[in-house]
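Sharing a structure below in structure tokens format, with a few things to ask.
Note that the chains take the letters A, B, C and D in the order they are written out, and that residue 1 is the start of every chain.
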Amino acid sequence: MSTPETSSRPPNDNPILWVAKPLLTAAKQFRKSLFRPSTIVYPFERLEDPKFREEVAVAAGKPIGIGAVWDNYRGVHALNIDTCISCNLCAFSCPDLCIDMVNVAGGDPKHPKKCPEIDYGKCSYCGFCSDACPEGCLTMTTRYELSVTKRADMVFSPERLYQVYEQKLPMNPIRLERPENEDQILLDPPVCIGCNACARDCPTKCITMLDIVKPTAAPGEKMPKRIWKEPVINDSDCVRCGTCISVCPKECLFWGTRK
Amino acid sequence: MLSLYSVAYDLISIPLTAIAAHLPAPLSAWLVNTTLLNVLGALVFCAILLGASMINTIMLIWFERKMLGRFMDRRGAMHVGFAGLLQNFADGLKLFRKNTRRPKDADFVGFYAAPTAYMVSSLVMFAILPVSTGWSAGALPLSLLLALVVFSFAPLFIFLSAWSSANKYSLLGGMRSAAQMIAYEVPILLAVVAVVVLSGSFDLTTIVYEQQNYWFWAPLFLALIVFVAGMLAEMERIPFDLPEAEAELVEGWNTEFGGMLFAFFMLADYVRALVGCFLIVLLFLGGWTMPGWVPASATSFPLAGIFWFMLKTYLVFGVFIWIRASLPRVRTDQLLRVGWMRMVPLSLLSIVLAVAVVLTKCLPVIGCVPGIGGG
Amino acid sequence: MSEMWINMGPQHPMTHGLWNLRVKIDGEIVVDVDAEMGYLHRGIEKISEDRHYNEVITLMDRCCYVAGMAWEHLYILAAEEALHVTVPERALYIRVMSEEFQRVASHLMWYAAFVQDIGLLTPFLYGMRDRDLILDLFQSYTGGRMTYEYMRVGGVRNDMPPGFTDRARKLCTWLIDRFKEYDTLCLASTIFHKRCDNIGVLKAAACRKHGVTGPMLRSAGVKADIRKDRPYAAYDRVEFDVPVQQDADVTARYLIRMEEMRQSIRIIRQTLDWLDAHPGPVIAPQLPRWLGAPYAPIGNEGYLLKRNYPHGLGFSAIEEPHGEALAYLVNDGGEHPYRVKFKSPVFANISAVREYVVGYHVADIPPIMGSVDICVGEVDR
Amino acid sequence: MVGEDIGERLAGHWGTDRLHIEPFPGTAGKVRFDPALVLDVLRVMRDELQFAHLAMVAGIDWEKHREVLYALWSDERKQYILLSADIPAEAAHIESASSIYPSANWHEREAWELVGITFDHHPDLRHLLTPDGYKFHPLLRSFKLHEPETLEVKRRDV
């Protein structure tokens, strides 16, 4: 035990004042809030409205809005379908598994474009999806009113998320920098069969299939004139979504670092 | 002089006489018969009284909600009606529509009878207390005693409701309530004795007339303190709201009551609060009379007595709200200790003071201090 | 009158959460108590074994819903130790500032709940009002009001928005003024002393014996504060005092918490000055990519990737608003923590409930339990 | 380092074969000991080495065995120390520490119900967080939230 210090407790008997001080304090507050209490009359006054904040915080001298800045708020998502590249990163990064990739109009019928559909019944508004979005097309807005009467209405299809985007609400501006030493996607050349699946499905089209000649014949023999293709990944465009790894039929792509 | 009964009587007799004029003689004679008119008049009188007292009670709740809100830096009810004036009517309607459920082990008679009896016994008070000259049921020579007797029925019904709802919280709350009310009946009665000594009457109207010149709060300041503290305990308001101390006893003795039964308790509590404020105004603050320095025009307009009386009542209740907003709740043993060991001696002292004031005839001396109601 | 058991909880105004205090009373005197927990058990430790390292942070905010930032900090410290990550200094200061703001917010929440327990209705609203201002501040840089998801392994998510330090300083001034108001409503009232003096006494030896920590321990005269004794983050670089009281009763705990709020404001002011003077990165530039979201969403749902990364053990201790909180994290080289164990201070404080409630009145239970400052979310986890 | 005298003291009591201390960053060390010694070790810790505060008891399931982890704090040394005992999974028994540290009571109840470690001579071994009669031990590795399809991925540095 450390050394006890002397008690700094104030004397607890003030028989003369008794309860006068608390009464006076309450009365002081009564006078202060007689005409304008600190409450925000919610549906009519909104904290995210900067004009209201200015009026109340500055003009009325009320504590409301001392710390309020709404730019970083994590509310309902806004999705710009046009720039979405269907990389799946938002769905991968969701801890609650509330994001589904669903087909949207556009894209060729064989490989339809997929965009996130968010179930707000499960969403915890952690913002990992918008952090993970490499194109900045899935962002969180300041909209927080979500009451619905049907459970099915909680699921926001990409089109509904696009409607939120079109409202041009203030959006969370934060973009995370990628770490310098993140893994790259590497190729195991002998296993590759050149099937083109990775290049076809790559959302950023950073994989190009380059022609190579597979030295399958022994030296001296006549080389087979068959042209093999091998993926070459443009690292600066790659968003590390791992789609190529998951579609590779031979598991010849993998994560790693090139030293 | 305009009196409530005459108003009620006119309300029923004028239309009846008008109708009787168009009716054949035997029927009209039966209709405008004095007994029938008196009975109907009494009924209308009761209806007016009930309506007025209920509206006042509900306004009192609104007043408390708004004022407490301001103490707490918030707004209180504000959406139903102008500034939330109709909120409590809406709440009452909601409670009226709700199911009342009786716990399995609860006693049928006690569970339903106790809230009703509590409500009725509280409402009866309005017939006893004069609001202004002529605005009471009748001239009762012992109206003060009757009022206090009816007022002290409550612990019985509270304990009955607590006991019959077969709940441990209710039981604890009921016992606390009974102990507290009985403990504070004594100082209240003793404080009233001081008033009686000074005024020489048990009739509330007479007591108010005695205060026409000097309000009793200045000479009987000790009695006023005792009476206010006792009333706080009787009304079960913070700091003395232990019977329904929600932190430990959920809702105390009305834990098991819901819907209209709860509304009865809630309303009756505020009826009692209103009655308590009435009593304070009647006994210590001069009732409907105003001090002499008030210009005559302020006291002579129609219903001026009722206006000033209600204004004083609401101000007194405002003080209660102020106390509620700023003080914590005390503990049962501390409450009882204060009741028996501080309030009773203080009230005895106040009787002695009252006797001394009467004997030395110095009431005008104290009462003449400017601004405290000297006439 | 014979003795009877009363269930105070799980739905009871005294509990401040979901738990059940079974009280055996004789008249108005408490003769025995028994606490039943588990109404809020969500298995956070188990779910953590199924989450990426960064995703566990979303659970930490829900662990204690009034002190989310402190629990994030606790987990992050353990995770960084187990994952061998170093943190930029600016992030350390931001974490200290966040934790101290969280401490003030948590204590304000405690104040609001506690005064309501003793029947004071007005300061409840004052406490909640002022806590909301801190939540506004949190919202302005983390984006959330109660579930911040702000800290990341290797730093924090983002830097402060422009003008943040000015707003924070303004808020500090406002809060310091309010603390005086709180004191006049409580300490200056005789009834408050009548209710709170000499109840719920738990002396220092008993505190240590039953594992009670935090303001309860300091109110018994032990100057124990992990921020001082075993400094973490940037606590060794800021100045503050550890308040100590001798009486070990409810009033002493009130005084401790009030003084702690003032000391927290003092720390916050120092960190704000430092943050103004030292711009820089807030997250480590060199991070293993396998840390989980948002960088490495490798594990599709249904896939669990086993990899051979460096193993590690992490042990962290912080002074949470309620007391001493510990975390023990096992990293077996996988994507997810192998095992996370959290020790909540309130867990230990409630476990000793028999020591400080028995013998007092039923009416004393709300102030006593209020002075313990219970957050069931972190007890049940 | 303050931890040295702890090692000497403990070695003096039991030698190093049944108990050894290894460094653990941020603490005075991690003492691994034979589970049969638990009461003696804890008593020495409390009475001779001034670790008056038992902060945490944790159970960890290592599939083959289970680990009981104690975290102690000393006000004099301003340090934590971790004590760890490995017990076999098939007979997960260890003596309860609540006779020496009453604060172990609830921690052991929790470890019992979540990790399935039985604490002998515990005064009150009831369910704490899970409902009475709950038969599972959720923090065991064999208790799966869902059955993940394990995908082994090689990681190579080229």
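Basically, contacts are C-beta pairs under 8 Å (C-beta built on N, C-alpha and C of every residue); 3 or more make two chains touch, one makes a residue touch a chain.
All values derive from a computational prediction rather than experimental measurement.
Contact with chain A and chain D alike is made by C. Per-pair counts of C-beta contacts peak for the chains A-C. Chain C has the Cα centre that lies closest to the mean of all protein Cα atoms in view. Centre-to-centre separation of chain A and chain B, using mean CA positions: 61 Å. Note on chain placement: the centre of chain C and the centre of chain D lie 24 Å apart, centres being C-alpha means.
Rounded to whole angstrom, the centroid-to-centroid distance between chain A and chain C, based on C-alpha atoms, equals 27 Å.
Separating the CA-averaged centres of chain B and chain C is a span of 47 Å. Within chain B, contacts with two or more other chains are made by residues 71-74, 325-327. Annotation for chain C: residues touching 2 or more other chains are 122, 126, 129, 185-186, 189, 191, 208, 222, 224. Shown for chain A are the residues that touch two or more other chains, namely 1-2, 19, 22, 25-26, 29, 38, 255. Residues of chain C touching chain B in their complex: 4, 6, 8, 12-14, 28, 115-122, 124-126, 129, 185-186, 189, 191-192, 194-195, 361-366.
Taken together, the chain A residues at the contact with chain B in this complex read 19, 22-23, 25-27, 29-30, 32-34, 37-39, 41. Contacts from chain B toward chain C in the complex involve residues 68, 71-74, 168-169, 172, 238-239, 241-242, 245-250, 324-334.
Across the complex, chain B meets chain A through its residues 67, 69-75, 78, 322-323, 325-327.
Looking at the complex, you find that chain C touches chain A at residues 51-52, 54-55, 57-58, 122, 126, 129-130, 133-134, 136-144, 147, 149, 157-158, 161, 163-164, 167-168, 170-171, 174, 181, 184-191, 193, 197, 204-205, 208, 221-224, 243-247, 251-252, 255, 283-290, 293-301.
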